[in-house]
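Note that the chains are named A, B, C, D, E and F in the order they appear, and that numbering of residues resets to 1 at the start of each chain.
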Amino acid sequence: METEAMEMWLEKANVLIEALPYIQRFHGKTIVVKYGGSAMVDHELKKDVIRDVALLKLVGFRPIIVHGGGKEITSWLARLGKESQFVNGLRVTDKETMLVAEMVLNRVNKGLVSMMEKVGLKAVGISGKDGTVLKVDKKLSKGQDIGYVGEVKEVNPLLLNTLLDNDFIPVICPIGSDDGYYSYNINADDAACAIAKAMKASKLVFLTDIEGVYRDPADKTSLISEMTVPEALEFLDSGNVGGGMLPKLANCIEAIQSGVSRVHILDGRIAHSLLLEFFTNKGIGTAIIGDEEERYYVEQ
Amino acid sequence: METEAMEMWLEKANVLIEALPYIQRFHGKTIVVKYGGSAMVDHELKKDVIRDVALLKLVGFRPIIVHGGGKEITSWLARLGKESQFVNGLRVTDKETMLVAEMVLNRVNKGLVSMMEKVGLKAVGISGKDGTVLKVDKKLSKGQDIGYVGEVKEVNPLLLNTLLDNDFIPVICPIGSDDGYYSYNINADDAACAIAKAMKASKLVFLTDIEGVYRDPADKTSLISEMTVPEALEFLDSGNVGGGMLPKLANCIEAIQSGVSRVHILDGRIAHSLLLEFFTNKGIGTAIIGDEEERYYVEQ
Amino acid sequence: METEAMEMWLEKANVLIEALPYIQRFHGKTIVVKYGGSAMVDHELKKDVIRDVALLKLVGFRPIIVHGGGKEITSWLARLGKESQFVNGLRVTDKETMLVAEMVLNRVNKGLVSMMEKVGLKAVGISGKDGTVLKVDKKLSKGQDIGYVGEVKEVNPLLLNTLLDNDFIPVICPIGSDDGYYSYNINADDAACAIAKAMKASKLVFLTDIEGVYRDPADKTSLISEMTVPEALEFLDSGNVGGGMLPKLANCIEAIQSGVSRVHILDGRIAHSLLLEFFTNKGIGTAIIGDEEERYYVEQ
Amino acid sequence: METEAMEMWLEKANVLIEALPYIQRFHGKTIVVKYGGSAMVDHELKKDVIRDVALLKLVGFRPIIVHGGGKEITSWLARLGKESQFVNGLRVTDKETMLVAEMVLNRVNKGLVSMMEKVGLKAVGISGKDGTVLKVDKKLSKGQDIGYVGEVKEVNPLLLNTLLDNDFIPVICPIGSDDGYYSYNINADDAACAIAKAMKASKLVFLTDIEGVYRDPADKTSLISEMTVPEALEFLDSGNVGGGMLPKLANCIEAIQSGVSRVHILDGRIAHSLLLEFFTNKGIGTAIIGDEEERYYVEQ
Amino acid sequence: METEAMEMWLEKANVLIEALPYIQRFHGKTIVVKYGGSAMVDHELKKDVIRDVALLKLVGFRPIIVHGGGKEITSWLARLGKESQFVNGLRVTDKETMLVAEMVLNRVNKGLVSMMEKVGLKAVGISGKDGTVLKVDKKLSKGQDIGYVGEVKEVNPLLLNTLLDNDFIPVICPIGSDDGYYSYNINADDAACAIAKAMKASKLVFLTDIEGVYRDPADKTSLISEMTVPEALEFLDSGNVGGGMLPKLANCIEAIQSGVSRVHILDGRIAHSLLLEFFTNKGIGTAIIGDEEERYYVEQ
Amino acid sequence: METEAMEMWLEKANVLIEALPYIQRFHGKTIVVKYGGSAMVDHELKKDVIRDVALLKLVGFRPIIVHGGGKEITSWLARLGKESQFVNGLRVTDKETMLVAEMVLNRVNKGLVSMMEKVGLKAVGISGKDGTVLKVDKKLSKGQDIGYVGEVKEVNPLLLNTLLDNDFIPVICPIGSDDGYYSYNINADDAACAIAKAMKASKLVFLTDIEGVYRDPADKTSLISEMTVPEALEFLDSGNVGGGMLPKLANCIEAIQSGVSRVHILDGRIAHSLLLEFFTNKGIGTAIIGDEEERYYVEQ
């Protein structure tokens, strides 16, 4: 064999070997991936994410996928001649909107299941209503009733553990039921965060359409790789945090404070960002950690 | 306490005691209920069916629910300006129809889950795509390609057993995937029959909108209570069997021949028909059995 | 089918459906039934009780039966020319009396086992000596030694759990052994109470020959349906409690205070009283409960 | 320490070491001991047998005890003014006799349980009615109906295995029930033999009041130590076999032919005969084995 | 991030993704690695092999390591003034040689254990004597007794399964015992082959100091990548097979015929050859397979 | 049978019966035996010890063997022309000495394994490096670095429990590894003591070449049979304790204080001392116990 070819192979081997300590760190651990944004739209990115999840499962992780589908809901509502309305960023959800949302989200859900099974995974698509995984209270928007919009009040881990223990990957769409067993739409970030806490997950990952958190949004060189909770709290107070980022950061902090070890805001537009995050020392996006001791990225 | 009241209570007790041998007979056995027709439309009947299933579960049966939703699909297609087309009783299912069908069936599915959880059951709504429960081949209608209409070629019992063993009731909508993991619509009767066979169910029950099988459809007094497989085969040959009944009867016979002990065609328009069938010696509708020895109804 | 017949069947179904919440409430729970009085003498009542127990078992309860047999002991002693002697209601039990008591109680025990197996139950008849289920100390009658009469000092739950976990129903006759492994007769009410406490039973039921507790024994309309422990204690102090009822009520209170949820004094002379108590909202006899919150009978 | 004392201890150690291969041979194996005769009457012998059983249990065997009690039945019948009647060696058992027999045998049973628990064993006394361990048909005496005398037609091993698997020693009195769940007296030797076969026991031991089988009953030096089944069959044909020995030998042969490895007729009048048989190379009494290859006693 | 760096990372991700189907193929499967030659001498190669094994374990394989140590034995014998003697390639092994061989091999064994634990694995070093894993018969060299040289006659898989089931990696040195429990030296290739067969391994890998099998040893371009058993048998007959390769090839063929899926002769001098073989489509060395259908390498 | 012979057998039976309470006391308990001295050199004693261990295993104990091998190390070092050097009783252990020690100890280890398997035991020979059973820190001799001599800082019980739970007997040679995974020699007494503590052993036994502890070493009649920890501490202070005995006694006291119930210093030169200690009321050597309440030897 020629030396050149040999070197290429050796390099490949080294990549695998480099992954070793990362695999050991999370072996047998539960990780929650909030799946959304471009990574859920672009077909190639979608296939990349699915294969990344497959690898996570195979090397011994216990992945749970939580996804959204806001754009599809809006589009189907439009086809049905119904305009989408938002109050403070929350969709006003009357009975028919909820009906359509449930139809759409469950189909998106089953679509992901098929893609995962295509690469050999055993996946099960559920909503938060199945096994009463997500129990909700009605969520008000600054005191205003905007319909069937819920906030998680309780997570029942029984079904999720049953599935994980039997090597199925739960794929969850963020619909829950209230005490009267009516359906409610839940923000997918919130659902992922609540599930990560209840399942005592080691990692919670948000696949987003941003590069991460910038110290100064105007300065593209100010991306923050790692941030302790105290730093994040301080940052929230600084007034530099943009609208969309505010609830996400709050979610991250709450998750860490409830026992999740690391929360990541990843750029889902980069191919295999999930995998690079888990298996290399290349930090992509921003990680929220408990304190200084948990830092481990080397700047590159 | 007055004697009159006492007698009423004694009678109640006797009903429960009468149920004893029926409960013993099916304790720990798997039963598949094809749920459809009026029993799925009328709200009171719906609540009755759900409570019947709850009772079956509590006394130790392992129920699996398979449901359809043809009318809802037609209605939503209409709202989207799309006419439903049928060839030989099978819906012509192009890509968009399949998309809508999947949305609608999954929502119907989750609606049933909520109703079951409301009475205290632990239910999980899945389609045949989850855990690859239903693998299909394309089904032709007399040689003609009518799109994404599938016939079951394989049932994977793993997910169903995992759920049943952990006291969850599987609620299944009849969508499966082919080898390329594309979604296909399946006739709900066929799906129920395939699942009953694969799960080695003791009973398969069809909740229908007919009173049962009539020896002479014109003669309302000719309802057949019990029918052995040889009798059923002979009956099929007689030419007296109406259109809708033909495939259903064929399904029944096939199920019995694959090891299911009893198959019932029940009148779902009668309140608690499921329960009366299971817990009393009142035969409702028509039962298909293997042979003479399995008869047990006393004419009343 | 005629409407009239149909209505009858519907009513039957409704009785079963009414039982649903009661079954759910006690599913998987341990219940102890002290079996005695007329219900153990009258052949029809006996058969009723056995079938009631069978139903309890089938719908998922874990029943334990504790029985007495005082009358049979007296009768056999008489046949052997030995007069029965009582001091303060306790049988004076010399060595030979104990020998006869042990013979008689164990036979009664095995008789119950046969009746239970006849209706398809798996029953095992034991005394408190087997698996050292009941360890006793000698019980004095107001300071006086009356022979081999014991009071329970320790319950070993191992054998009972082994049997229950393997779907056997333990049928227990109230004989225990002291530290020297000598046999002692135990009051069956006391034995049932001690076992209910040790097994963390949800319910303890006394099948008796009275209608329940009367606020005023002379007034047949003053039957108490439900009584909290504070009420029961007050009632005990009132001086209105008859001789036989005193220790029974004390037992009830002690059981509740040790964690049993409900204790019932049922009229075993009413057919299926056990079943009516468990599966309907018809309160028969008197229930002792912890506090106001546990009331659930509607007056009828 | 003086040499003399030391030698004594060394000898003790050697006895234990000699037991090693015998313990290894039967570790984890089920053995059935038919307990009867003097060993059940003489108090010292009784204590010896119990301790022998304790040792068998502790070194890993799974012992099952089957006992009789004919003499006690006769004596109690006499006290009740009822004469015992025998036809061809079988007790004529009318309804009342059966009642008394059941009382007496169950008390003997519980007496053994107490003795076993006194040396630290976990024992459970059952009759063949419990858990339907012994199902019987009526046994005729040369065609004559002699009442409730049964012969085993089926052994249900479930309860026995449940007890053995949880480290309880089953102590069984030979009463079974017929299809109508009536009680029947069974010959204890027959019961032990049937249980040994059903439990696939490695050894079946009869504790008797004879020294073993003599080739010539008149010649006390003609005791047979080991006998293959062919030899036993030949011996049965020889006409030299005494009355009581005939059914016992037949039982032994049947047991061997059903898969029991060794059947022993031991002299229960010798202290610790059970233990000497199991743990030393001292053959006591007569062993029935399958064929020549299973011989292992050295003549001494 | 600069595009260049990004591309590098993407490439890394792709290497991991490429490994996916290979990981899926062998997940949960047992693989036996015969470890020897340069890969056991060169310190860097040694570390590479160990990390390769760590990765195999983490992604769900069940690896078993079998190693030799001939050179170390020769060297220690020399230090003790004892010359090594060989007959037909087998070491003449007198009692003292065996003693030294056992000392040396066990130390090599424990050295490997330490290296494996250093990278976080749970390893246990055993010889074939432990748990009687390897029982041997004396092996003659063309009829000549050459001492304590054994050939495997039986493999006891119990200890190996106990260790694998509890996530320990067995590291085995090729010493076995005969029926008299004397120690024997075994050829490591033979030991690995026997273990692979007994453990129903999916793969057996020989780490060697050759590039693989050449169709024509003189022609370096004639390396055979894949070879079916019929081809291998034909090749053996061709007379082109060199001395050292003969028994190895015979071992390979025997393993395949006993149910091992693939046997590999790898070049252990290439870094990470083990990993490249398992996780990439780069075939290194020569694979022996059952038949044409199992080919999967693409020529490169 | 003659009376004389019969008496001999009865005596044998009594020895076994006498063992009963001792077996009951330790059934299922873990015991650690430090094996060394003459009992490891003399062939007959060796066989005795092995059979004693076999008996302990068979009657339900969980034995762990820890052995040394100092004399063999010295002898092999001599053969290699290397003189052994000691500082304060500890072997100066340079790299080569450690290499030889590891070779020698592991061979001694496997020799014991073979002997144990010869009597039918399932044994597994490991060093403290396997499964990281023994993690060490470097041990200084009065502040002086004497090379690879370690003291146990942590015991990982996982491998030992895995082996014991699967009925293997662990045989351990006292080599451990430090944080850099270098090998260290450990004093076998210390290793046994550390393992007994970590495994929560009930008994720790030192097989030595002394008769036990003498109150006055010069007075052979002053052997101490039993000693509470307070007595032992007082004795240590008395100045009457000889050099070799000091660390051993300290080990004993430490073990008791860490939860081991009894520690024994046995005379391994007496045949079956282990067995006599465990199965008879003959105290051999000296026992260290917690307090007065644990005394149980009767002076003889």
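Please note the rule applied: a residue touches a chain if its C-beta (ideal position, glycine included) is under 8 Å from a C-beta of that chain, and two chains touch if they have at least 3 such contacts.
Note that the coordinates shown come from a computational prediction; the quantities given were computed from them, not determined experimentally.
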| item | value |
| --- | --- |
| Shared chain contacts [subunit A and subunit F, defined touch] | E |
| Longest centre-to-centre distance from subunit D, chain (CA-based) | A |
| Subunit E against subunit A, contact positions shared by both copies (same if over half, else different) | same |
| Most remote chain, CA-based centroid, reference being subunit C | E |
| Inter-chain centre distance, subunit C versus subunit D - centres from mean C-alpha coordinates, in Å | 38 |
| Mean-CA-position distance for subunit C and subunit A (Å) | 56 |
| Geometric centre distance via CA averages, subunit C-subunit B, whole Å | 43 |
| For subunit B paired with subunit F, centre-to-centre distance based on mean C-alpha positions, whole Å | 69 |
| Shared-contact residues (touching 2 or more other chains) in subunit F | none |
| Ring topology as an ordered chain list, initiated at subunit E and continued via subunit F | E, F, D, C, B, A |
| For the subunit C and subunit B complex, residues of the former touching the latter | 5-6, 9-10, 12-21, 23-24, 27, 48, 51-52, 54-55, 58-60, 119-120, 270-272, 275-276, 279-280, 282, 300 |
| Residue ranges of subunit E in contact with subunit F within the complex | 76, 79-80, 99, 102-104, 106-107, 109-110, 113-115, 117-118, 122-127, 129-132, 158-159, 162-163, 166, 168, 175, 177, 181-183 |
